[in-house]
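Okay, got some structures for you below.
Each of the next two complexes has chain A plus one more chain, namely chain B in the first and chain C in the second.
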Partner chain A sequence: MSQYISKQDLLSWLGKLRESHRLAAPVRVDDLVLFKKVERVEDIALDFDNTTLSPKEFFFPPTETLFYADRKDGQVELVPAEVTEETVIFGIRPCDAKGIATLDLPYMEEPGDALYQQHRDRTTLIGLSCIKACPECFCTSMGSGPDDASNVDIMLTEAGEGYIVQVLTDKGKAIAPQLAEKDVQAPPAPAVTPVPSEGISEKMREAFDDPYWGRLADRCLHCSMCSYVCPTCYCFDIRDYNENGRANRVRSWESCQSPGFTKIAGGHDPRADKGIRLRQRFGHKLLYFPEHFGTMHCIGCGRCVRSCPVNIDIREIIQDVQKLGAQK
Partner chain B sequence: MTVSNPLLPHLATLQEVIDLTPDVRLFKIEPNDPAVKESFDYQPGQFIFVSAFGTGESPFGLTSVAYRKDSLEVAVRKVGTVTGSLHELEPGATVGVRGPFGNHFPMDEFKGKNIFIIGGGIGFAPLRPVVTTIIDHKADYGDLFILNGARTPQDLCFSDEFDTWSASPGTRLELTVDAGNDDWTGRVDLIPTVVRELALSPENAVAIICGPPIMIHFTLIDLKKLGFEDRQIVTTLEGKMKCGLGKCARCNVGDKYICQDGPVFTMEQISSMLEQF
Partner chain C sequence: MIEEIRTKARELLESGTVDCVIGYERATDGINARPLFVYDAAGADRLIFDQTCTHNLVKYLRNRKDKVTGIVVKGCDSRAVNLLISEHQIEREKAYIIGVVCPGIVETGWNKKSDKLRDICQVCRQHTPVVYDFLVGEPPASEPEVEPYPDVAAMEAKTPAEREDFWREQSSRCIRCYACRQVCPGCYCSECFVERLDPLWVGIRIAPKENEMWNSMRAFHLTGRCIGCNQCERVCPMNIPLSLLNRKLEKEVAETFHFQAGMDAETPAPFATFEKDEKIGIGE
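And then the complex of A and B:
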């Protein structure tokens, strides 16, 4: 027997949640599926493969004010930004939930990031198992899987005319709907094409000085799309903007692929070379982050593979680097 | 749950602004909150972020020493937007301060050793608290040898203190410039050339270098020729930084973050890094 909710009850539950929370869910926008604040539950897309962008922006927004500096009578007063809204995100795929758990590692490591922590504390995650794998998916090679429920508060798995529901945390309990007992089986998890990620960190180290990275970078446009669509990329920039007499200190997404990412005062740039920048991206994902945090800095969602205008494909890179290492 | 916000600066006031060279100013800064001021402890080699509100914030090595219980001091060369804005500020202006960040020079490990300090241009800034500490506790250390170089005589930082340093027992100061002028009677040599000429003994010695990457590169070659081993050479790495907390990942070099694991490294540590900055 499983805890179960019909599709109709699901929508009315989400409708109720919408009254007490900011509810974000996958919504179709032209040919994209994006996490949006839900205005009408009928707008929620239930039949999507995965969202075009991950829900990263709800925890680490593309731009976010950290504090405001007000000038009054020659004095400066700092007003820190605060997260006050309670949010529920519905429809997170297991890979993206692992993406959030991966972001937690740097941002919650001491000293914790105050705003990130507030976003996390005030957000409840409702996951949705995958019933289909996309051609670019490789989550099972990155420590997750189509039915991995380990990083959400409530997990839903489509079964028959409704969903099997697992309430997994106290946060989940706090918003859980009325559930029925039903004798249904979850459909088998879809098969995901694996990539040979086993032992890749050590192979990355061995391939560090290989001319491979320069050759790969020949076609890279350093557009940084890979970083912007990545659920785990967390590098940022901080700048001040002046608005209505206030100075806003703003944090924004930044990419290790942009020229100038490491350029310091005086003009020295240790990563002026595109190949070295590209190596940094994969070095961070497959070697440095795993060394520091014990888990890959990639969740196998395949978004960078889909988005790269010149088909730089992390799955191919993993295969290539495994072979480069073997040649030595 | 509340997490204190390490990206939120402490408000602070510029106490004094002193011209060190035509483009380097020394800023003496005091946190406004007496509790913050009192508890602001730091070691030579550590750095702080200084905010010019409305323009931004940048990291600067502290040039002062905590035990003197004086203002926080940073030497700022005008090279960009934030440093440009800081240079426009006058005493009494409000700035922001975050920190201190990073590791520090192992002053305890230096005790009993002969110290060879080599600084180029604004690179001397983080070395100045090392010099001050050694001179203030001279009995704890061996001979102190200071080599300070700059592009021109006017660009030599901390020239007001040269007489004090030279007069300190067991201390020798050498100055050199890339290009002299009519008043300059001292050396006109590149730093590596002077290092070669001085031929200091590596025995029971440690060399501490800070300066532009090209100067460090060539000075290392000469130090090694003199017999200095990697573990006897200490330097600082510079990296683009936005947070100082190991989060923005701008100063990530291999598995290290310059802001947290550095900025002070021995050449032994740097040689073992995958990527060379």
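And then the complex of A and C:
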């Protein structure tokens, strides 16, 4: 027996949640599927592969004010930004939920990012298992899987005309709907094409000085797309603005692939070389982050594979790097 | 066609005429194409050409200024060669151009392609490259007579308020990944205006106002320079119809100055010249 909700009851439950929370869910916009604040539950896409952008924007927004500075009676007063809205995100795929757990590691490591923590505390995650695997996905090679429920508050799995529901945390309990008991089986998890990720960190270390990176970077355009569609990339730039006499400290997404990312005072750029710049992305994903945090900095969602304008494919890179040592 | 390209590439590499040939190979989805840099004759066997070869490879020539490079170019791409020569960014002698008579590029996406030509290819007037050292394919006797700007005309027919709404919505999606800039053969400023701190033209905020500024300034900076390869629009992860802005400006320049960028490397571009008796102002 499983806890079960029909499709119609699911929509009316989400409709109710929308009244008490900011409800975000996958919505079709032209040819894209984006997490959007839901205006009408009928707009929610239930039959999507995965969203164009990951849900990281709810925890690490593209642009966010960190604090304001006011001048009062000759004194400068700092006013921290606050997250006040309670958010529910519906339709998070297991890979992206793992992505949020991965984002937690740098942002919640001591001393912790106060604003990130607030976003996390005030957001409840409703996951949606994958019924089919996309050809570019490789979640099972990155410590997750199409039915992995370990990083969400409530997990839904489509079965028949409705969904099997697992309420997994206290946050989940707080918003859980009325559920019926039903004799349904979860469909078998789809087969995901693996990549040879076993031992890749050590291979990456060995490949550090390999000319491979320069050759790979020949075709790289050094846009920031892979970083911005990535659920786990967390770099940002900071700038101060003055608006109507009030200072604003703002952070916005930034990418190690962008030319000038590492440019320092005086104009020197230690990563001006295209190959070294590109190596940084994969080094961070597969070696430096795992060394520091004990887990891969890639969750195998395949977004960078799908989006890259010149087909820089992390699956192919993992395969190539595994073979580099063998040639020597 | 493919065999001719491979043979030529092999010959160029074996004779030492070039040290690299930039062409296309099959992407990892088995459907699309991707850029390929071939450094040895044996690698030439990986080269392909078909209607998925959308990339404008001319972008890469600036990275190899000191070396002679072989490069596969289609009709529209070839205009970028002239643009970069006329703007003193590359030297003609440093490129061995394998021109391809283009059959038109079909609409593609990750792991899929259609039989439908890209909109821009449906109104193409330049199937044969305007500059090349070696031509692959049979050039058509004449280029077709087509109305080149049906999409621009449709946008012009809307009211200013409708257009404003449309572009506001489109720009609000932009994530400022700058793929449109990075892929553009005409975008090569060593410091882009969006990255300048002093003066600060556009802030770093990925937000509607800043995005609008970026999208419109990008297009304006390409006025009379855009060669119409449509790569900006192809690479946009948020599907913003960026080339519509470029094509509007291209149409204005064609009507006002009877100029099309990159058709040759000699004709001075309208915004790079000034004549003494030139009149400036509106309504003259």
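Throughout what follows, the second predicted complex is superposed on the first by the 324 of 328 C-alpha atoms of A that agree within 3 Å, B and C clash if a C-alpha of one lies under 4 Å from a C-alpha of the other, contacts with A are read in each partner's own complex, and residues count from 1 in each chain.
Here, contacts are C-beta pairs under 8 Å (C-beta built on N, C-alpha and C of every residue); 3 or more make two chains touch, one makes a residue touch a chain.
Just so it is clear, the model here is predicted, and its values are computed rather than measured.
Of the two partner chains, chain B and chain C are each touched by A:D237.
Touch criterion not met for A:P26: it reaches neither chain B nor chain C. Look at A:G127: by the touch rule set out above, it reaches neither chain B nor chain C. In the superposed pair of complexes, A:A247 makes contact with chain B only, with no contact to chain C. In the superposed pair of complexes, A:H292 makes contact with chain B only, with no contact to chain C. Legend: residue contacts after superposition of the two complexes on their common chain; A:V76 is shown touching chain B, with no touch to chain C. Overlap of the chain B and chain C interfaces on chain A: residues 237, 239, 254. Chain A meets chain B in the complex at residues 66-67, 69, 71, 75-76, 78, 80, 106-107, 109, 111-115, 117-118, 121, 205, 208, 234-240, 242, 247, 249, 251, 254, 256, 261-266, 268, 270, 276, 280, 283-284, 287-288, 291-292.
Chain B contributes residues 1-9, 11, 51, 53-58, 77, 79-80, 83, 94, 96, 212-213, 238-240, 242-243, 245-255, 274-277 to its touches with chain A in the complex.
Those residues of chain C that touch chain A in the complex are listed here as 27-29, 32, 34-37, 55, 59-60, 63, 110-111, 173, 175-179, 181-183, 191, 195, 203-207, 231, 234-235, 237-239.
Contact residues on chain A toward chain C in their complex (touch as defined above): 29-32, 34, 52-53, 62-63, 135-136, 215, 218-219, 221-225, 227-229, 237, 239, 241, 250, 252-255, 258, 260, 274, 305-307, 309-311, 313, 315-316.
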